[in-house]
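Handing you this structure, nothing more for now.
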Amino acid sequence: MSARKSLNDILISWRTSGGIKQTIVDIVSRSKRNSMVVVGLTIIIIIVALALLAPVLPMASPTPTQLNPEDKLMSVSWRHFFGTDELGRDVFSRVLWGARVSLLVATLSILFSLMIGVVLGLTAGFFGGVVDYIITGTIDLFWTFPSFLLALALAATLGPSLENVILAISISYWAGFARLMRGQALTTRERQYVEASRALGAGNLRIMFTHVLPNCMAPLIVWASVGVADAITIESSLTFLGVGTQPPTPSWGYMLNRGMPYLEEAPWITTFPGVILLLTILGFNLLGDGMRDVLDPRMKGLRR
Amino acid sequence: MSASASDVKSSQLVLLETVGMEKLFPVKKGVFSRVVGHVHAVDGVSISIRRGETLGLVGESGCGKTTVGRAILMLTPPSDGHIFFETPKIVLDAFKSLITLRNEIKPGIMTSKDAIRIADAISILFGTTECRIADEKKKHLCNDAETIRKLASSKTNLKDRLRDQKAILDVLEDVVDEVAKKYCINHKRRRELKRLRARMQIVFQDPYSSLDPRFTVEKIVGEGFKIHGPPSSAVRDVKFVERERIHQLIEQVGLSHDHLSRLPHEFSGGQKQRIALARALALEPDFIVLDEPTSALDVSVQAQALNLLKRLQDKFGLTYLFISHDLSVVEHMSDRIAVMYLGKIIELAPANEFLSNAQHPYTQALIASIPIPDPKFKKVRKGIEGEVPSPINPPKGCRFHPRCGLADNACRTKEPQLVDIGKGHLVACFKYGAR
Amino acid sequence: MTSERKSVVDIRGLRTQFFLQEGTVTALDGVDLTIYENESVGIVGETGCGKSMTAFSILRLVPHPGKITAGSIKFKGVELTKLSSEQMRGIRGRQISMIFQDPSTSLDPVFSIGDQLGEVISLHQNIYDKAALDKKIVQVLKMVRIAAPENVMKQYPHELSGGMKQRVMIALALSCTPSLLIADEPTTALDVTIQAQILNLLKEAVRGVGSSMMLITHNLGVVAETCDRVCIMYAGRIVEEAPTPELFSRPLHPYTAGLLNAFPKLGERKDELTVIKGTVPNLMKPFTGCSFVDRCELASGVCAKTRPSRVEVFPGHFVSCHIYPGGGEQNGVR
């Protein structure tokens, strides 16, 4: 209770201090009013929390060394919240541990792809000319491939493993970020405050990272959120097809795949991972869409 | 740095001078964006600005005045010409005569007299102690001048010796390059240019877009220090010195300390311009280009801003280039006024001469077009016939002739040059004095 | 002397407010204005004073979340605030038309000038025969002194200069002989030499068609040349209203005097321009007294408490200021 109070106090004091702190407070208060952000963020926080707590929760191990054949295909109960799968493993535990994998893969992939995309996109948009030509060509090349197919091809070529999934998604996804940042850079570099900075003597690097990049953040945040959702989908699909993370590492896609033959007699093996997967993707999509509303009109509707 | 006000106005040192400045923009057409022509946005502009004065630059849209301001600051670097900064007058005059010689004397028609004129100009240029070019270079080029004289005085007519003529012109080019490298802003290397930038600043027209919406006022004003280093050689806490200086600047432009942590969108247009002004002043510049600084402001706010500009100029001995389309404002602020039309300067006069004795028909029309807030002046404002032409295809001869009531054949075929008609008043018109 | 003239627009107590999340902005706070037949009235004020909003209120084009919350707007006797949107549409463009500051945004770039003019004329005047329509278009273009109207008809907006486009807008606006033409900063975006042409044209064209004009601007010089009467607006209220020569020679309201002094005048090389101290008030905060009280040199106790009422100090010269409690001989402020 007191933690919440002091958090509120901090926010209130920030509200009047202007500058970046004021910006954050504005965003927070707008987000609070936006139902999509609230719902999305709630879902994400719950799932992330559970995923992080998985190692310390009192539940069965997702990858037991000793398999008891009697535990096979047990239905939902207090001991096994989500039942057990065809090998007798606790589905609930596997779902939580699978969340760790999916979230890790998704966030890392998007992070890498963001870094590559932002740097290349900014450079292309900012400098123009030959540099732009080359980078845009590369972007177009990667852009023409649907990210999933590209990831599939890469994963199949490189061999199925967690690291390769991250690599595959990063490579197939960076083009989107690059294209986005290039467009943002093209408009921002013409702004007068960039010219003013030049008049002060600023060099290209400084302008790119202190003026252009921060002003392009809004769409980036939106894209990143939606990208994570996308990445989770891709990862699950890859694992479902067998080219992703390999057993015994638990993964939702794998669980879906494995549970298919048992759909009638033991639907919980596929249903629970499926639903959680759905919720996670929904959560990130909602967050992304909501943030788009929170951030964008704020930029345009500033009172003069 | 900046001198104090009293000794600034009296000295006649040329702070900034452009010689034949040109800026061309390519015109692209077609699917492949082929360059089909050029817009001569600035076409041979030569102006000089004395330390401590305000030079007003007026004209309508498309005349190139904004481009001039940007070109001087190398934001849109000129395509041709030279921009001199803090150059001794003697060097400038010698340079200008060399340029004139270069334009006039072509190989094949050079006479001995011409060659001697070149040699003399070079000697003057490098003979003076004020010229800061390295001594060995000076000596080398003075020797070249001697060689020229020898070539000129030999028995055979210089006109027939093409190779010698070419050699002389090569020397001329070398001299021009040397001087340019030393004194011209647009021939400097990046690092030197960066240092120079601290001494020339700009305030833009649109206060809403010239401030980064993500930077606090403190960051905006202090950005110069991040680029060039702290204000003075700070022995103690650098951050402290910077903050002090920023506080000082904010006060000088009439804002208060609690504005420092706010974002631009929380301020009105007039306040934003003050912030932009504080930013420009941070690096203690000698010269500020004011590009329509008050055009976007309301009348009463404009008055405050103009008063502030004048006060700061007196206090810090600043030199202004005041660009505007509003003649009343320019006339209020400037010591001298230049009028531009389609990329050229067509008239330049001291402010008090300007109104009473404007010579160019365009200037006269401009003055007559201004709405006077006094209905007693019930004149019928005629305006000028025709539209403001586009700079892509300027008319032949005098550029104003299609809209000029006094135009005759000479005006249609030849382009008038700027002529000095006394009292520092220059005009480019064959028909001046005709009113 | 004013009672015999017929009024085209009669506004009484107009109040337009914007209901935002952060509060309510009172853009217009009790505006009284009458425009008579065959006259040009200038509305002068600075940014945010409400002059454009007055025009939008007349045309019932107040953008969301704004609303007209009080007052009446009578157009030739008809109460506009009570009309349906269909009836208003019949009035807009035909009986009251408006031209804006930037002609580029008012003209559709993908249609030729002839098409756009034709559309308006045919709709409002029911001329559908192509030959007759073309003839009318040429006639209208000639009225705004466009040379070679047959060629211009076929051109597209981007091929015309700013001045030409504004002439087309004037032609568009006057083509249906409206009773009132509202011009919102019509020459602010144009070069000074073209400004003069356009303002002359506007004056003559409006007189030629027999309309009245409401000219909105921040430039006192423009108003001095073009208008018969001037209203000065400040913070959503009209503070002074007078025939043009009267206003300039004898400004009564301190704000008017301040405005006149703040203009750098050609030939008068003062060192410092007289400045009106302070800034425009925040329209979200309701204030009881005179809206100018914080910036007025002559403010006294009563100015902060009660709102000054509109008083006719000289014939046709109205002012809202406590210095003039109720008519009688005053000397004005300078």
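Quick notes on this one:
Each chain carries a letter (A, B and C) given by its place in the written order, and its residues are counted from 1.
Here is the rule we go by: a residue touches a chain if its C-beta (ideal position, glycine included) is under 8 Å from a C-beta of that chain, and two chains touch if they have at least 3 such contacts.
Computed from a predicted structure; not experimentally measured.
Chain centres were defined as the mean of their Cα atoms; on that basis the chain farthest from chain C turns out to be A. Closest to the middle of the protein, by Cα centroid, lies chain B.
The centroid of the Cα atoms in chain A and the matching centroid in chain C are 54 Å apart. Taking the mean of the C-alpha atoms as each chain's centre, chain B and chain C sit 40 Å apart.
In chain B, the residues touching two or more other chains are 268-269.
Taken in their complex, chain A has these residues touching chain B: 17-20, 22-23, 191-193, 195-203, 206, 211, 214-215, 299, 302-304. Listing the residues of chain C that touch chain B in their complex gives 46-47, 161-164, 191-197, 199-200, 218-225, 244-245, 248-249, 258-260, 262-267, 269-276, 279-280.
Residues 60-61, 268-270, 298-304, 306-307, 310, 325-329, 331-333, 351-352, 355, 365-367, 369-377, 380-384, 387-388 of chain B touch chain C in their complex. Partner chain A is touched in their complex by these residues of chain B: 73, 75, 194-195, 197-198, 200-202, 204, 206, 208-216, 218, 223-224, 226-228, 261-263, 265-266, 268-269, 276, 279, 283.
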